[in-house]
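One structure is given here, and the rest of the page talks about it.
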Amino acid sequence: MSSSWPAATVAATSVLQVVLLVVGGPLLVGLMRKVRCRLEGRAGPPIHQPLLDLRKLARRERMRPEHATWVFSAAPLVLVGTTLVIAAVAPLLTTSPAFGQYGDLFAIVYLLLLGSVALALGALDTATAFGGMGASRAMTIGAVAEPALLLSVLALSIPAHSSDLPAIITGSLTHPIWLATPQRLLALVAFVIVIVAESGRLPVDNPSTHLELTMVHEAMILEYAGADLALVRLGESMRLALMICLLADLFVPWGIATAPGPAHVGLGLVAIVAKVAVLGAGLAAFEVTVARLRLFRVPELMAGAFVLAVLAVVSALVSP
Amino acid sequence: MSGQPFASGLTLAVGAVLVCAVAVLWLSSLASVIRAVSLQGIALGTVAIVLGLHLHDPALIATAAVVIVVKGLAIPMLLRHVTGDQPLERETRPLVNVPASLVASAAVIFIAFARTRGIARYVGTTAGSLVPVGFAALLVGYFVLVSKRRPVFQMVGILLVDNGISLVAFLVTAGVPFLIELGVSLDVLLAVVVLGVLAVRLRTDFGDLDLDDLQELHD
Amino acid sequence: MALIGLLLLPLLGAGVLAIGRARPAAAYTAVATNCAVLVLAIGVAVREREIGPLSGAYGVLRADALSAFMALVIGAIACLASWIGVRMIAADLAEQRCSRARATTYLVLVQGFVAAMLLAVLAANVGVLWVAIEATTIVTTFLVGHRRTKGALEASWKYIVICSVGIALAFLGTVLVYLAAMHTGGHSASALDWTSLRSHASHLDPAVMRVAFALLVLGYGTKVGLVPMHSWLPDAHSQAPAPVSALMSGVLLTVAFYAILRFKAVMDVAVGPSYSRALLVTVSLLSLAFAASLLLTQRDYKRMLAYHSIEHMGLIALGAAAGIPLAIAAVLLHILGHGLAKSVLFLASGEIMAVEGTSRIDGVHALLARRPALGGIFGVGLLALLGLPPFSLFTSELLMIRAEFEVGLGWAAAAAMVAMVVIFVAVAAHARHMLFGPAAGARAGTGADTGAGAGAGDESGGIGSAAPGVSSPLVTAPLVAGLVACGLIGVFAWPLTGLLSAAAHVVAR
Amino acid sequence: MSAALLAAAAMLGLLASGAGAVAPVKLRAVLTVILTVAACGCAGAAAVEVLSTGHTAVIETGSLMPLSRFALGLDALGALFTLVAASIGACAMVFRLGYAGHGLSSRTASSTLPLFVTTLLLVPAASNVTTFLYLWELMALTSLVLVLTDHRHRPEVQVAGQWYAVMTQLGAAAILIGLVLLATRAGSQSFTAIAERGPRLTPSVRDTVFLLTLGGFASKAGAVPLHVWLPRAHPEAPGPVSALMSAAMVNLGIYGIVRVGDGLLGGGPAWWWLLVMAVGALSALFGSLHSATSTDLKRLLAYSTTDNVGLMLLGVGASGLFAATGHRTLALVALAAALLHVAFHAVFKGSLFLSAGSVQQATGTRDLDSLGGLLRAMPVSAPIFIVGALAIAALPPLCGFVSEWLLLQAMLHGLPSSNTAIAIAMPVGVGALALTGGLTAATFVKAVGIGFLGRPRNEAVATAGDVPRSMATGAGVLATACLVLGVAPFLVLPAVLDAARTATGTTIADPLSRGWSLGLSGVHGALAPGLIAAGLTLAIGLVAGARRLAQVRALRHVEAWGCGREIQTARMQYTATSFAEPLIRVFDDVLQPVHDLDISHTAESRYYVESARFHTSLEDGFERHLYRPATSMLRWWGALTRRIPNGSVHRYLVFGFVALVLVLVVVA
């Protein structure tokens, strides 16, 4: 199957994807901050500020609470590591079927879950109230977000008869009508809600708050410092970028490389950067307009997403 | 013995058995009840004698002798012994009062007559046609067991039931084989003896008891 | 000759006892005669398998496979029960709870009881069978009343009144059978022989036989403990001395059922199986339902065992209702298994009663911790009775249910299963209360002992504190042997299968 | 050869049991363990041989069990379960060597445990109805005895034992009736003969048999609503026993459903399997919800068993549904997924229960709210638990992930079907699976984070040492297996497929591509768990290296941030109760928690609070709304009927009188 895709090209694309995410993740966060500041009438830091922050943090001293164990230190590694693996095996730039050989959408979902679990365990390892609180809330939200996520994946998989990402994307490209079907749109909404929840954005969580009672994600990473904090920040920005990439590939696949060759891949790269930038900006703009939900309203939101996903699956089944 | 005298003699004796049973239900004085039991035993023996004469069966006449000795004489004596020092003891408050029990006995006699005609027809002899009376005596005897409170009445009730069955046995097959009849009579005698011993023991150990006082064992 | 020997052995024991005035040597001689009964019964069974039915005493006694099997059951349980009985009487005498005369009477009567039961199963003639069973009633009445308490008297009164009436009805049934047999031209002396009844069965008048069989089921059912004439059973079993309860529950009930089985064989030929089936299923389901309901809130463990007997008699009746050889073999296996397990349980409960001083379930607790050997035997016995493997009751119940399904009585088997589950629930709750928990009694003593006793595992704690004579190996060994036998029968079949299927074919063809 | 091995296993098991009964107390543990492990080895070897050669190992004899035949016949389906039981049995027995608590060394327990293991090995081999029921009941009985081992010290053990006894007997009764009905109608006891005739029986018989056996087996498997015994009995049993029950015995419930539903009855109408799926989905959700909110470590594990059984049932149900609608290949894949989950669940649940047993032995408690920091105190057992926890949360690269992935794939590929039943069932199944997955992740983050990370919450936990080497070995082997099988599922996949083929009676060639990559043939999309694992290792190594390079100074240990507060105590940590609180709130309609607030006021004024006590408890809804009314109804009935025999001899005689009159009226 991968005969038309030379192994070297595939490997190169993988590396390219990893680099793209490592660099692009922080930039995306910077971009979103910038958009947000602008909309709020402030100048805001430069877009590459997150990268500068990372460089600064990486040199700072690492610290570990006295009661924590190796789990605390390992958590950021796992968080970044899982994201890197996804970046390498997910077809972000091309539809090469080689990318379907290692893992499909379900595998990506479970790898993301591994990262979240690692972070939650790291938080609990600090032996502080904040760590426990953050982990508890994050895992609760994760638990209710999971069905919506998997069902929207299912809805997307139905037309292609596969949960294989290249197959889904290729299918969308060859049958553009799929993209306009109700199930696709319903799944899109559900998917977006889940992305917001999983990446800790407004209205589910506010990444810029450090108010004790409202923190979710920030409470978990409160004890990290130095290189560890840099890794956590890198990891979360990569995850955000990754999910928006997937969103872009699944719902607006045009521009993705369908054939081998540097030109195609380059075009794919440009396309994905543009799409992600637009989507990220849109998300940032949306965040400006909403307030954070109360923690116990979040499950309602997730239930909404779940219902949308179910509707997506049902309409996918009834439509031929 | 055959023909009319046989039939009327048999009917008379059989009828006496039933009448004695009903009388037990009616009477309340223990002494007269025991007398009725004794009479019933003798009537039963008479049935056997009549049948024995009719069938020329010496074994049956021997059986009759056993029956009269055991049921007509020995057991009543035993009962008198059990009642012992209180010969005037009476059943003053039976569970079912006398008029009601007489009505009930009429009912069970009716049932016996209505439902055992088939057996009577099957036996096909003169004696066989009287089988319902035997069943009736049995049921009336059983009713005595159910309705009277004094321990002695239960002994009497068992006797009545047993006599009823013996009557049926005589009527349908002219009795069971002699050896068995001997064993049966012995068993009945022993059972009554045991009951008598228990009754005496009850009275000597725990005073004068009604069966109502024997209700301590239950769940 | 062997058959007469079989009958005379227990009487011989009785004679020795009467002469020896219940002294230990005499008492153990009596036990030895009971063991000899078992050995001889095995011998008879083996011989029967070789040369066919044996007969003796001028045709009064006859032993086919079924009789031999029943004699074997009687022998086995008589061994167990008389052994424990002798120990019990010795203890009673030592503590002056009863006079030597009463002790002698008791032991002699037990021997008479065993002899009467043997006569019942060896009798070639229906009438002799009846006489023998009535004789058991008379003998056991005194045994039930052995303790001479008011409760014991009450129980024996109820026992003899109800059983006499019941057995009288059975006699009426016998008379009607005799009537039918005579009408087929039978000779009066032999008309009531099993062999003659069996051979003339197809000519017996169905209408008369129907009434006769109903009366027989009602009558012998009284002694079996089948509803509606079961009411004497819990009272008598709870008041009688443990060895007597063991004998009654373990064998007497089934000896009475043996009579029903015999008549059923005749009935099935005379009337066809559907009638006896309907009758037996009715009484069996009633018994099961009744036992299940009353076990739910039972407060007395001996009565619990008694109702458990009603349940098992119901099961046996259900098995007999199916009537095919498989079912009858299962019924017989069940008779053996139930006899062993139930007598062990009654004997154990007698010990429990002796050391705990109460027969109330809520008066006994933590037996396993306090008296491990006794509690263990009681617990394992209950498991056996509840029909769990490896005990033979599991196999026999399973076989019975299979047989029910094969003759189309699956619904009855399912209903019985429901009752059995309810019984399981009830018994589990009662057993939990009696068996489990910490040895609170030890806690009242020194605190240090508690820890040591509790930690020592289940074979050491508690024995030292028990009353003298209790849980001595002499008592526990036969009980354990009974349970082991019950377990082994459930696993290793080969010595029994031949006898069982031969016996089954006596009843069902 | 395999038959001889099987017989040897049975003999060794019995020998071990005998040794447990008679050996002196010092030798008891060693002897029973050696003999039982040998039995497991023999049975495992027999199973492997059956799986590799495809021949059925047959042992039959008429001289065991009166009037019936004792028949064993190990086919591929049974061999899979025997293999699983043998692995778990061996590990649990090795673990048992060092396990000191719960009176396991008593004579009773040490002779029962080998017997229990032996029944676990032999039940899947039983090849006729009587043998099956015999072994099945023996298994129930021995496990009951083992659950009750510690009855002297804790009253909860008695309650648990009673629940277990009743529920298992209820189930056994249903199975018994069902199987006997089937055997009678099929005219044979033997499974092979029944399997031939089973499909041709009338639908009503087939339906009855299926429903009865489903009920019975589901109760053994711990599926909702028959699960109530499980969260009581599994926690109260001694460590190795709870592992055996949860990892090996529960499987046999699934085995029974597959054996009867697919094997003996040869599949059935769609509604059977929809029912199975419904039970599965309900069990998965209910189990995971309760396990997410439990604070008792072993109770949590027990509820998660219900959850995983639900997933297996989803797979089994999906398989049956596919078969009923003609999708043979998919049916095979779904069943393989379910069986794979059976095997993997055994592995990770075994390691979890065993290491939970270690924790209990070391600290004397199972309450998560008083544990904490065990990773320091128990440097060997804690990682074992963590590995098991990650596996059960279906996280790559451990084994739970592979089986859940396969399950999802199977359901996904059923979707394009035009069949309405499938179209409704599969999304529901995926939804249940997904919600379960999220909740399980939360559950085990809680279990690991609260119990093993952070600071110890009391002194006993802080000073607990690690357990003897034998215990660590027993649990460690299973934890290693989690990793190995997660990376290389192809080690067991052919066996699982063989088993599924035997069960469904199909001869379809391997529908899953082999080698390092796993996926449905003819469909895009695959999973290469080995490559993912390698990638993860590489990526984490790279990142760790980068962090190392960037690091200028050594890692500094500091006090954690406490809002400026100087001294933080262990009691300030989140507890398991507080961790689960948001979940309880989210699902309070389902869980119906009971809150109890006692406030006592000072004598002087009722405006001042002297003390306040808050108590919250979660009850099993089925227990409250189904079982309690049932028991009180039974009690009511018992009290009612108790009045019938009132002790009066007259009344007793009336019974007979009425009966006599009835006889005369009806019969004469």
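Order of writing sets the chain letters: A, B, C and D. Residues in each chain are counted from 1.
Everything that follows uses one rule, which is that a contact is a pair of C-beta atoms (placed from the backbone, for glycine too) under 8 Å apart; a residue touches a chain by one contact, two chains touch by 3 or more.
Please read these numbers as outputs of a predicted model, since none were measured by experiment.
Listed by label, the chains that touch chain A and also chain C are D. Inter-chain contacts peak for the pair A-D, counting C-beta pairs in contact.
The greatest centre-to-centre gap from chain C, using C-alpha centroids, is found for A.
Chain A and chain B have Cα centroids separated by 100 Å. Separation between the centroids of chain A and chain D, computed from CA atoms only, is 35 Å. Distance between chain B and chain C, defined via averaged C-alpha coordinates, is recorded as 32 Å. Averaged C-alpha coordinates give centres for chain B and chain D that are 68 Å from one another.
For chain C, the set of residues touching two or more other chains reads 157-158, 161, 165, 169, 211, 234-235, 294, 297. In chain B, the positions touching at least two other chains are 118-119, 142, 145, 154, 211, 214, 216-219. Shown are all chain pairs that touch, namely A-D, B-C, B-D, C-D.
For chain B in complex with chain C, the touching residues are 118-119, 122-123, 138, 142, 145, 151, 154, 157-158, 161-162, 165, 168-169, 172-173, 176-177, 179-180, 183-184, 186-187, 190-191, 194-195, 198, 201-202, 205-206, 211, 214, 216-219.
Contact residues on chain C toward chain B in their complex (touch as defined above): 125, 127-128, 130-131, 134-135, 137-138, 141-142, 145, 148, 150-151, 153-158, 160-161, 164-165, 168-169, 171-172, 174-176, 178-179, 182-183, 188-189, 192, 205, 207-208, 211, 234-235, 238-239, 294, 297-300, 303.
Interface of chain D with chain C (complex): residues 25, 62-68, 103, 105-108, 130, 133-135, 137-138, 140-141, 148, 151-153, 155, 157-158, 161-162, 165-166, 169-170, 173, 176-177, 180-181, 183-184, 634-635, 637-639, 641-642, 644-645, 647, 649, 651-653, 655-656, 658-660, 663-664, 667-668. Here chain B touches chain D in the complex through residues 95, 108, 111-112, 115-116, 118-119, 135, 139, 142-143, 145-147, 154, 211-212, 214-219, going by the rule given at the top.
Against chain D, in their complex, chain C makes its touches with residues 157-158, 161-162, 165-166, 169, 210-211, 214-215, 218, 222, 227-229, 231-232, 234-235, 290, 293-297, 326, 329-330, 333, 366, 368-369, 376, 383, 386, 388-390, 392, 394-396, 398-399, 401-402, 405-406, 410, 413-414, 417-418, 420-422, 424-426, 428-429, 432, 435-439, 454, 457-459, 489-494, 496-497, 500-501.
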